[in-house]
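Reading through the structure tokens given below for one structure.
Labels for the chains are A, B, C, D, E and F, by order of writing; each one numbers its residues from 1.
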Amino acid sequence: MAQWESWSAFWDMGGAAFFVWGSYGVTFALMALELVLVLRRRKDTVTRLLRWRRAVGKDSARKTGASVPVMESET
Amino acid sequence: MLSTFLAVLRRDLLLAWRGRADVLVTLAFFVIVVCLFPFGVGAEPNQLRAIAPGVLWVAALLACLLSLHRLFAQDYADGTLEQLLLSSEPAALWVTAKVLAFWLSTGLPVVAVAPGLALLLDLEQGALPVLVLSLALGTPILGLLGAVGAALTLGLRGGGMLLALLVLPLFVPVLIFGAGAVEAEMSGAGAAAHLLLLGGGLAGALALAPWACAAALRITTD
Amino acid sequence: MLEVEDLACLKGDRLLFRDLALRLQAGELLRIAGPNGVGKTSLLRLVTGLALPEAGEIRWRGESIRREREAFHRELLYLGHAPAINDLLSPLENLRFACAAAGDEVDAETCMQALVRIGLENQLDLPARVLSQGQRRRVSLARLFLSGRRALWVLDEPFTALDVKAVADLAQALSDHCAAGGMVMLTTHQDAPFALTPRVLDVGAYAC
Amino acid sequence: MNAPERSRSLFRFAAPNNFYPLAGRLAPWFAAAALVLTLAGLWLGFFVAPTDATQGQVYRVIFIHVPAAWMSMFIYLVMAFWSAVGLVMNTRLSFVMSQALAPTGAMFCFVALWTGALWGKPTWGAYWVWDARLTSQLLLLFLYFGFIALTRAIEDPRRADRAGAIIALVGAVNVPIIYFSVQWWNTLHQGASVSLTKAPSMATTMLAGMLVMAIAAWMYTIAVVLWRARSMILERERHTEWVGAVLEHEAQLKGGRA
Amino acid sequence: MLSTFLAVLRRDLLLAWRGRADVLVTLAFFVIVVCLFPFGVGAEPNQLRAIAPGVLWVAALLACLLSLHRLFAQDYADGTLEQLLLSSEPAALWVTAKVLAFWLSTGLPVVAVAPGLALLLDLEQGALPVLVLSLALGTPILGLLGAVGAALTLGLRGGGMLLALLVLPLFVPVLIFGAGAVEAEMSGAGAAAHLLLLGGGLAGALALAPWACAAALRITTD
Amino acid sequence: MLEVEDLACLKGDRLLFRDLALRLQAGELLRIAGPNGVGKTSLLRLVTGLALPEAGEIRWRGESIRREREAFHRELLYLGHAPAINDLLSPLENLRFACAAAGDEVDAETCMQALVRIGLENQLDLPARVLSQGQRRRVSLARLFLSGRRALWVLDEPFTALDVKAVADLAQALSDHCAAGGMVMLTTHQDAPFALTPRVLDVGAYAC
């Protein structure tokens, strides 16, 4: 607490509370939101793909898995 | 009666949701046009503040105008419009549903972001509510009038542009009262009169435009 | 029930046909024939009321269709060249909307069955944009299974893009509709295995 | 996510089936590093760094503003780099990387704008002025939006990849042009009336806090992008057997937990 | 080599002539947007004069932007684009022809009427030549850059608007130098540097954009 | 001359076909068959090089078409679902442009003859917009009479909307092209009176 007399002084930020906490708040909220979205997307993808695989039948998967060329290229 | 109205409204909103990109991009267009102005005009705050209401309203008008041609184009091209005209309900009914869906998906977002952009142009905060109100009353009028133009220009060669030419003169009064309301508020004269006029215009457009539009559609598909 | 008298159609400066007359009774299947460009599509659009004739009169159950438009349209089902399919919507959504917009009360389940019956069981949820030509065509044709109570079907080249089996099914459905007292008026250049032989009207006979 | 050394290993990991597990293993470590560094940076920023002589406390926004601004610019370059690699070498993984980077870049871009705006109000008296640096940041946000909107609007992933790559490259060519034109435009109009007021000599603790936060932002970006890329890879390679195996494994895990 | 170029150029000009309405309406749009401003902003001459170069340039940019989506849309819808891509000539060649025809039919008229509108906004007469020159150099750049965007957004849902979002950031430098040239001339600073930069930009765009556009078209029709 | 090996086509989630192989020799007429949605159009677009295959190789005179694109396209004539007709231009203008854009040097007189031969003598100067479906189709088909030196014709449902006589004429033209050493690859659901029996490739056999 070298910089601050008290917690209330800290939260007040020398009168600039709105600007400082507004910045930090939105930033961390956005980052958290992004993290949540990314992780949820993964879960969604997995469930959706599982359902899809059940639907189309596993044998329609192509036999390329093991032999994916090292540098995969299309054509 | 209502079932066609609801069917059309539901489908058009569904389509707007499917084509979210469309809606977001109308919005982006609005934002970008507003942001272009400082580049053309120069970044001096006083000057920007003075032209802000006009720029915002012109940008909203253009954004609305440019999405208008989408109102019937797709349905016309794929034959849905023919089918709707073969329905036994009065056409004015589902036309209203289409315009309503259109406004909800393009006008409303524009109204919603306008205050943010106003800050970018340094408009006084006191004038923000009037700006929002004037846009909320004015953009539906644009949609209703524009629908008539869109119906008349369906399938014509110069379609989108001809539409602009037809409806811009009709839009001018809306622009004058809309931007005027904000300027009146800024100058301290009070915006009530302007807003009342806009409200009256909306009521009038709502009563007349759907019929005109329905007639125009029948002519177009002949 | 449907009577057409003295009909003339002018396109640009060309009079396509004139003095065209036809009567369509309940249970009849009428095929409009003639070479390309003779005016079959133009005739169908006149009959549905989408276009206005240069001269002549079209009556439905004795009333001019211009005077009794709504009553006529309640009994009419028209499928033209344009499939009335929105690219962003799935077949199911398209079909439900088509029915609702026309004023037919049909629930999702019935629509689904119609689509399955017409062979789109695997495409129910794809956006229509990715469908093949034949599949698009089928989506609009599915309305036929849901519009039994509409007496008059007017179909412009319904067999286009359909494969052999689908053509046979459709021909069967049309014959069934007629057997149940409906009327069908269609154009086609293809042969289709109808159960009842269609009456043929050659537009060329009225050409100028 | 900068270009790793061009060694054999790059080519091995360029195959999605090798990259996928590797990314899964690395991402949590980067996330943890980001967390630790953020806490350290915040501590430095709020409790060690002194109050600024001219600006008072409000300057403490700098600890996120500057890292976010740096990241947003850098991520666009990396994105364009991967796009170019993808177009030239036909590697699908490169396209995945560039598309996975875009949302995070846009997020940082927005954060830089937002924090800058909040900082500007007390220091300049306005949330926004049309200063060159600010303006080019805004345009960068639009470039991000354009890229994201385009790749989202195209359904076929192959087409989306290539179309996105083209617009990313065109944008990258334009970024410097935009930057210089905007700078010139501004100076033409109002001289140097507005310029970012830098603290004359930044206290070393301030600088340290900023750098630590910048590294934290790096770590965060890497973690998020790896995770996002993993989902995208699953999606795109769903026809392959190895994804089948991965999915079965996931299903078992879920079944085990339930 | 040249035969495809000429065939495309001739056909597109013929089409522009057939669809005269289109061309006139682009122009009308330009005129109307410029004329809207006094309504939105207020009619004070000094203020109008100050914002005149910016308004003219923004209007030209929007007019160009709005006609851009027509560049390939029709050919894409009716399959002509496929046929052109199956031609054995390099695609960059006929892309250039298309852009050239596009500019001749939409950019050139805008350049031609701009001086008249400038007088309407009370711009000094001395600045007119610079205005015309800046537009004549700048609008082809807009066309070339825009063609890339148009190719990338072909057949997409939010088409026209997405195009706007993609290319507007790219248009900003052109706008800055274009409007800047006029303002520099008005303020007595001389417009040579701006015009040179615009010329350089045009050369660069001419060298690169057709290739990018051709690549984009191949991707789009895949 | 045209060899296709191990071709696979993926659309969205669905692998339409895989391991598809075919060879087309000079003088052969190949009909791609299969029900709606099986992947015929997709196959044709792969063969022309307009779309990229998921796997497999397409060779023209021994060279991969991706490597020797220009040489291949000089010998290819593709007519897809979309007619490549501009609504504002007349049939004559459309045809001349189609030839010029493809690189065929054809003068106005020859184009006119081709249009007359295909039955559009009265529509030479109408804008294409007002043509009937069959007439539009004929405009694009007229290119066949002007592209004799292109060896490979790839046609997607060329008989759509054509009347009986036009179908017979077109079938004759295709047979003639093959007899002269050309190759034709087409899809159709209709029967057409070909002079030589087409070889049939059923895409359904390679479906997944």
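Basically, a contact is a pair of C-beta atoms (placed from the backbone, for glycine too) under 8 Å apart; a residue touches a chain by one contact, two chains touch by 3 or more.
On a predicted model such as this, the values are computed, not experimentally measured, just so you know.
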Smallest number of contact steps required from chain D to reach chain E: 1
Chain pair showing more contacts of the two, B-D and A-D: A-D
Furthest chain, CA centroid comparison against chain E: C
Proportion of interface numbers common to chain C and chain F (over half same, under half different): same
Chain whose average C-alpha position is farthest from chain B's own: F
Whole-Å gap separating chain E and chain F, where each centre is the average of the chain's CA atoms: 37
Chain D and chain F, separation of their C-alpha mean positions in angstrom: 48
Chain A, residues touching no fewer than two other chains: 52, 60, 62, 74-75
Chain E, residues touching no fewer than two other chains: 18-19, 156-158, 162, 165, 168-169, 172, 176, 183, 222
For chain D, residues that touch 2 or more chains besides their own: 142, 145, 149, 153, 156, 158, 185, 238-239
Of all residues in chain E, those that touch chain F in their complex: 3-4, 6-8, 11, 14-15, 18-19, 74-75, 77-80, 82-89, 94, 221-222
Of all residues in chain F, those that touch chain E in their complex: 48-52, 69-71, 73-74, 76, 78, 80-89, 93, 97-98, 100-103, 105, 127
Chain D contact footprint on chain B (complex, rising order): 21, 24-25, 28, 32, 35, 38-39, 42-45, 48, 119-120, 122
Residue ranges of chain A touching chain D (in the complex, touch as defined): 1-4, 10, 13-16, 18-20, 22-24, 26-27, 30-31, 34-35, 38-39, 41-42, 45-46, 49-50, 52-53, 58, 60-66, 68-75
Complex contact set, residues of chain B against chain E: 18-19, 21-22, 24-26, 28-29, 32-33, 36-37, 39-42, 47, 50-51, 53-55, 57-58, 61-62, 66-67, 156-158, 160-162, 164-165, 168, 172, 175-176, 179, 183
